[in-house]
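Single-structure report; data block below.
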Amino acid sequence: MSKIGAPEKLIVNGKRLDGRELKDFRPIVLESGNLKRALGSGLFNFGSTHAIAAVYGPRNLHPKWMQDPSRAVLRCTYTMAPFSTTERSRPGHSRRSTEISKVVKEALSQVIFFEEFPKAVIDIFIEIVQANASTRCAGLNAAAIALADAGIPMRDLVSCCSVGKIDGKIALDMAGLEDNFGDVDIAVATVGGTDKVVLLQLDGILSKEEFFEAIDLAVDGCAKINDMQKKVLVEKYRGEEK
Amino acid sequence: MSKIGAPEKLIVNGKRLDGRELKDFRPIVLESGNLKRALGSGLFNFGSTHAIAAVYGPRNLHPKWMQDPSRAVLRCTYTMAPFSTTERSRPGHSRRSTEISKVVKEALSQVIFFEEFPKAVIDIFIEIVQANASTRCAGLNAAAIALADAGIPMRDLVSCCSVGKIDGKIALDMAGLEDNFGDVDIAVATVGGTDKVVLLQLDGILSKEEFFEAIDLAVDGCAKINDMQKKVLVEKYRGEEK
Amino acid sequence: MSKIGAPEKLIVNGKRLDGRELKDFRPIVLESGNLKRALGSGLFNFGSTHAIAAVYGPRNLHPKWMQDPSRAVLRCTYTMAPFSTTERSRPGHSRRSTEISKVVKEALSQVIFFEEFPKAVIDIFIEIVQANASTRCAGLNAAAIALADAGIPMRDLVSCCSVGKIDGKIALDMAGLEDNFGDVDIAVATVGGTDKVVLLQLDGILSKEEFFEAIDLAVDGCAKINDMQKKVLVEKYRGEEK
Amino acid sequence: MINKNESYVRKLIEDGTREDGRGLTDFREISVKTGVIETAEGSAEVKIGNTMVLVGVKMEVKEPYPDSPNEGGFVVDAEFVPLASPDFENGPPGEEAVELARVVDRGIRESHAVDMEKLCIKEKEAAWTVHIDIHVLDHDGNLIDAASIGAMAALLDTKMPKWDADNKKIIRELKGKLPVSDKPVEITVIKIGNKLLVDPTAEEESALDARLTVATLENGELCAMQKGGDGYFTVPEIQQAVELAIDKGKELRKLL
Amino acid sequence: MINKNESYVRKLIEDGTREDGRGLTDFREISVKTGVIETAEGSAEVKIGNTMVLVGVKMEVKEPYPDSPNEGGFVVDAEFVPLASPDFENGPPGEEAVELARVVDRGIRESHAVDMEKLCIKEKEAAWTVHIDIHVLDHDGNLIDAASIGAMAALLDTKMPKWDADNKKIIRELKGKLPVSDKPVEITVIKIGNKLLVDPTAEEESALDARLTVATLENGELCAMQKGGDGYFTVPEIQQAVELAIDKGKELRKLL
Amino acid sequence: MINKNESYVRKLIEDGTREDGRGLTDFREISVKTGVIETAEGSAEVKIGNTMVLVGVKMEVKEPYPDSPNEGGFVVDAEFVPLASPDFENGPPGEEAVELARVVDRGIRESHAVDMEKLCIKEKEAAWTVHIDIHVLDHDGNLIDAASIGAMAALLDTKMPKWDADNKKIIRELKGKLPVSDKPVEITVIKIGNKLLVDPTAEEESALDARLTVATLENGELCAMQKGGDGYFTVPEIQQAVELAIDKGKELRKLL
């Protein structure tokens, strides 16, 4: 279990390696409308994990036989820039990115009013520019902002964060070494700051009780992110009104 | 010619390595309707060579420009499970499987009444689950059963077996070592137990006279398999009638 | 800079390694109608660089959504035979062949009257059979002949040749060693023997003045090739008239 | 998609019943047979109702990765062969096959049931890779659970070949069992309306709101989860699903 | 498909005649030219009527496979480049190119005309691979026979390069001929109605019921066969086709 | 294609003006920021108006090619990620991305700004490959110039990692700068009607007749060129474009 490159401990004197408390986020940066050609766009960083997202559509779906006459179809593409990881990652789709695209699409499907756009397609593109764990969470948060920025009608905003177990303790927002050498990594997304969970992925061994503690922490973290997302969208809207 | 792993002789005291006479089949197992979701299905084993086949269709062919307005189109896909061979075989299409799919499709085309289903497609999928030589023969036999099980109107059943030359003698139904280290391997398929040959592939050196002896043995073997195929279909039909 | 396999000098006693003067072409061979199944075809050799081209169309473009209702679409495919190079080249498209297909397509687009064939496609296929530098030039010259042979209405013929800088001197028609070990390689195509440049690619270091000298030499070379192309087409036309 | 009966299926389940008469937390008949493929080092055939999955394990030798020079590898591949369903006409659904493979992979990998260091033959030079291939032959729902138990059964069935280092060849005279130290099992809980149930048929799957797969160890701990579907689970629903998966996992583990 | 004239072609052949006036067992004019590609170690251009095929041989060095540590390799690839036919608009026909390559490959491989052990440079380390590329430039029928004789002509033309083991480089100063010990030739017999014929044009091929390719050795023995087409041959027809292929094979072998 | 306003754009330019009020030989506002990607050995973000390009450099170790046993490698890849433009709906334009990568590659490679021999770690065994990835995030025209200056900025920003030969691993403790000996810059001159201009927007690009990219060195010499578009340049127009590119290249080089 003592993998090459593993630090001796992930929590030293009650602090994590980057100085955080157990229930702290890394510095969060978020923006909307950061791209000019996209209909809607968003940016979301957890520390040095940087994600951007763009939304195009609703627009006509070709070929025609793929259209759904009663509602819009959602397509979601999560990719990582080749330079976003320590070892250069080959461009194109990996099995990991295919899986993440699927769970992110399902999470966002819960909130979009697809019935308003029969036969159409809505495309969401998520690009991880720099990766230091929790990339799917940053990407999903950026995508939610981009959908709102594009004016796609939604029930509410989806928000996502990671929790995990490191040195036996439940902690919020996994960073690189914690993801690689910690015990458990969990990604959770909820709708509008409630406890409605639309994305949940878990890797690593923990007890039922520890999991219940972790999911509560994650739901709480998502609610905080939901507030930030709404704030940045309101500010942008006000900025445009002036 | 003394390849690594080759046995000294393939015929010892008049018997083949697995104890068979020259003109014996390995134990044959065949079934129809073994899959539940397919419209028609079949299973055919020569000893430890196991093939299953499924038929879907006639159904509409998309895209439209590929349709034939006067008759159905047949598509045939032969694949090998990754674990079916000693060295794991990569999934997906090899040139070998492309060629076998083509000759199997042509063999079956002789018997299907395509004119009854204009614009449609009939799909046959053959999967080799376990391979010990004569896989295309087992697959074609399974496919013929699956077509009948699906109720596709046909002139007659196609039947297939291998013959070969081992230690200078013509023999029926090549098994693994005989295929790898024998002199000649031939696959033959006929229609309805007659001498109408719809598949013929030969590899290895033999004289014209030896070939004529071999093809007679193969035609005879196909007729025996044809009987077995008809029996299993009649039995299944009777079983369903009760 | 002294690469493995590089000759000491590329110009010895004022002559190039194959005995040419600086402003000589290698022996040029050109033909039209060399293929029978193609609607139009052409062959063009610079020494041992051999290119053939075939034209099919105008014909209907499928799928329909790719059609341009006001004009024909041009597709151009440049490929190299696997045995055309010293090291066998893998069949299929490389990034180099994709780029060359694009610049050749753009060069030919200047002269074709696309408006006469709405919704149609014209396909040009260029195959390098044997490569000894200047392959794109030979291919483009063959394609121009093939278009004329197919009777596609054109403003004029496009002609192409290479120029370069070897041992500090500007020279015409780069051959293999000159391309690999010379200083600069330039490909230039013009329309109808004029100075209208429709293809221009340059690799290697030279001064502005040297470049202006080189482009004049290239434009002059293209005019000579244009004469030869017209001659072979007229001869073929006369031959057919008899 | 087979969703003609979607509203009918939903109505039945909201009333607490199912088309085939099962209770919401009952599995269909399950069988797990091992040693079914002679050419594989380990194999299993799993049937759950009409669903049939074949799993084969092949042992290969590779050079270890530079960042784990004394560890072997572990790969799960899943193929939805087009024999298995009329829905696979235009090619089987890629993202579902990828998800299936990855969810089964994580359930086993994260359990540490297969010790990667024991798979090392010679540091930096040669180590075993365990290649698990999941082959779906008949698809009538609940593929994850079928594939997960099939993969564990095939691993427990796996015999170790020998490595001939001089000739860089695997000698398939089997010399012992693959060491496996735990028996993780994945159970998928489905939500339709406000009901939770297990082991859906293909028809029930087409009507689901959401699903949650939970991998549990022999000691009752959790080691992997995956939520799917366009719907949501509330936190209390997740807690209820986890409890159900722990219970059902114990039941299915007896088949190994 | 060029099948507008299918019924016309069939009627002619049933009457024992052909559009171009040939007898049923006559070939069109054939030419075989070798040494046509300077960049290849061996090459041939074959024309049969309007059909034109280029074949190039390239010698490469690879590590032998573990199960044949003292043998070289032999690969045949075929490309139907879209120059060759208006039917190749939407990409050339993949399964036909694959079949062409494999039938030509088997005709030569099974004859043992190229001794794989003579291609070994150093056991387990380096051996020559003979790479035969078939390039169809003009497709007016009977590609298998054209490609087969072209491949043999190119092999007989092949010069051996040298291997610089220190620098892992091939030095293309040619030092001798590739050893070739037999001259297998493939002849394809076509069945239209109840007639057998050879060397079909593309138009005749579009009207065929079935075809049988037979590879024969110099001593008259057979070494490979392949039946194609949706129709059938009776056993007496097969016997007749084999006799015809042996005869025509002798004729064509003179061109090598 | 965004060509609704094509005739309007052309008319403006024939009158010597542009939609955004710039002169024909004026660039939009440019910014070049380096060190923007922590995970890359070198990186740059370039904005020209609304166009935004990210460039990352990753250093990898490979065995040198047999014909250049003491040289490293140099690879440029470009991706038009579909975030960047509504035109990329059906997959980004492959041939344009390939051309972009190759034109940027040649501008740097032909300048010999990166000395390939200095990248060799051990002859025949290990050498650095400089992998430059161009990522177009927002496409409002003039990608070649943006990518070219971004690639040079990222190269000048690149720190060298160490190579641990024993464990065949790169250690990313940076120990110095990548040696870069020149600063080639590419300028693309656009022809619309009989006017030449620089730095087109996406809208202007959709109206262009032809474009000519010219790479210049610090000393004013040329090292690469590429003409694009369906139109032509006369020789005097080419001369004028080269002069313009030399001038503008000097201006942009100051940003490095």
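Per-chain numbering from 1; labels A, B, C, D, E and F assigned in written order.
By our rule, contacts are C-beta pairs under 8 Å (C-beta built on N, C-alpha and C of every residue); 3 or more make two chains touch, one makes a residue touch a chain.
Here the structure is a predicted model, which means the values were calculated and not measured.
The most distant chain from chain D, with centres taken as the mean of CA atoms, is C. Relative to the C-alpha centre of chain B, the farthest chain centre belongs to F. Chain centres here are Cα averages; for chain A and chain C they lie 51 Å apart. Distance from the chain D centre to the chain E centre is 47 Å, each centre being the mean of its Cα atoms. With each centre defined as the average position of its C-alpha atoms, the distance from chain B to chain D rounds to 32 Å.
Residues of chain D in contact with at least two other chains: 67, 69. The set of chain A residues touching two or more other chains comprises 62-63.
Of all residues in chain D, those touching chain E in their complex are 167-169.
The part of chain A that touches chain D in the complex is made up of residues 3-5, 95-96, 98-99, 101-103, 106, 109-110, 186, 191, 195-208, 211-212, 215-216, 219. Of all residues in chain F, only 66-67, 69, 124 touch chain E in the complex they form. Within the complex formed with chain F, the residues of chain A that make contact are 35-39, 41, 48, 52-54, 56, 59, 62, 77, 79, 81-88, 91, 123, 125, 127, 129-132. Chain F makes touch with chain A in their complex at residues 37-40, 43, 50, 52, 54, 56-58, 60, 77, 79, 81-86, 89-90, 131, 133, 135, 137-140, 170, 172, 202.
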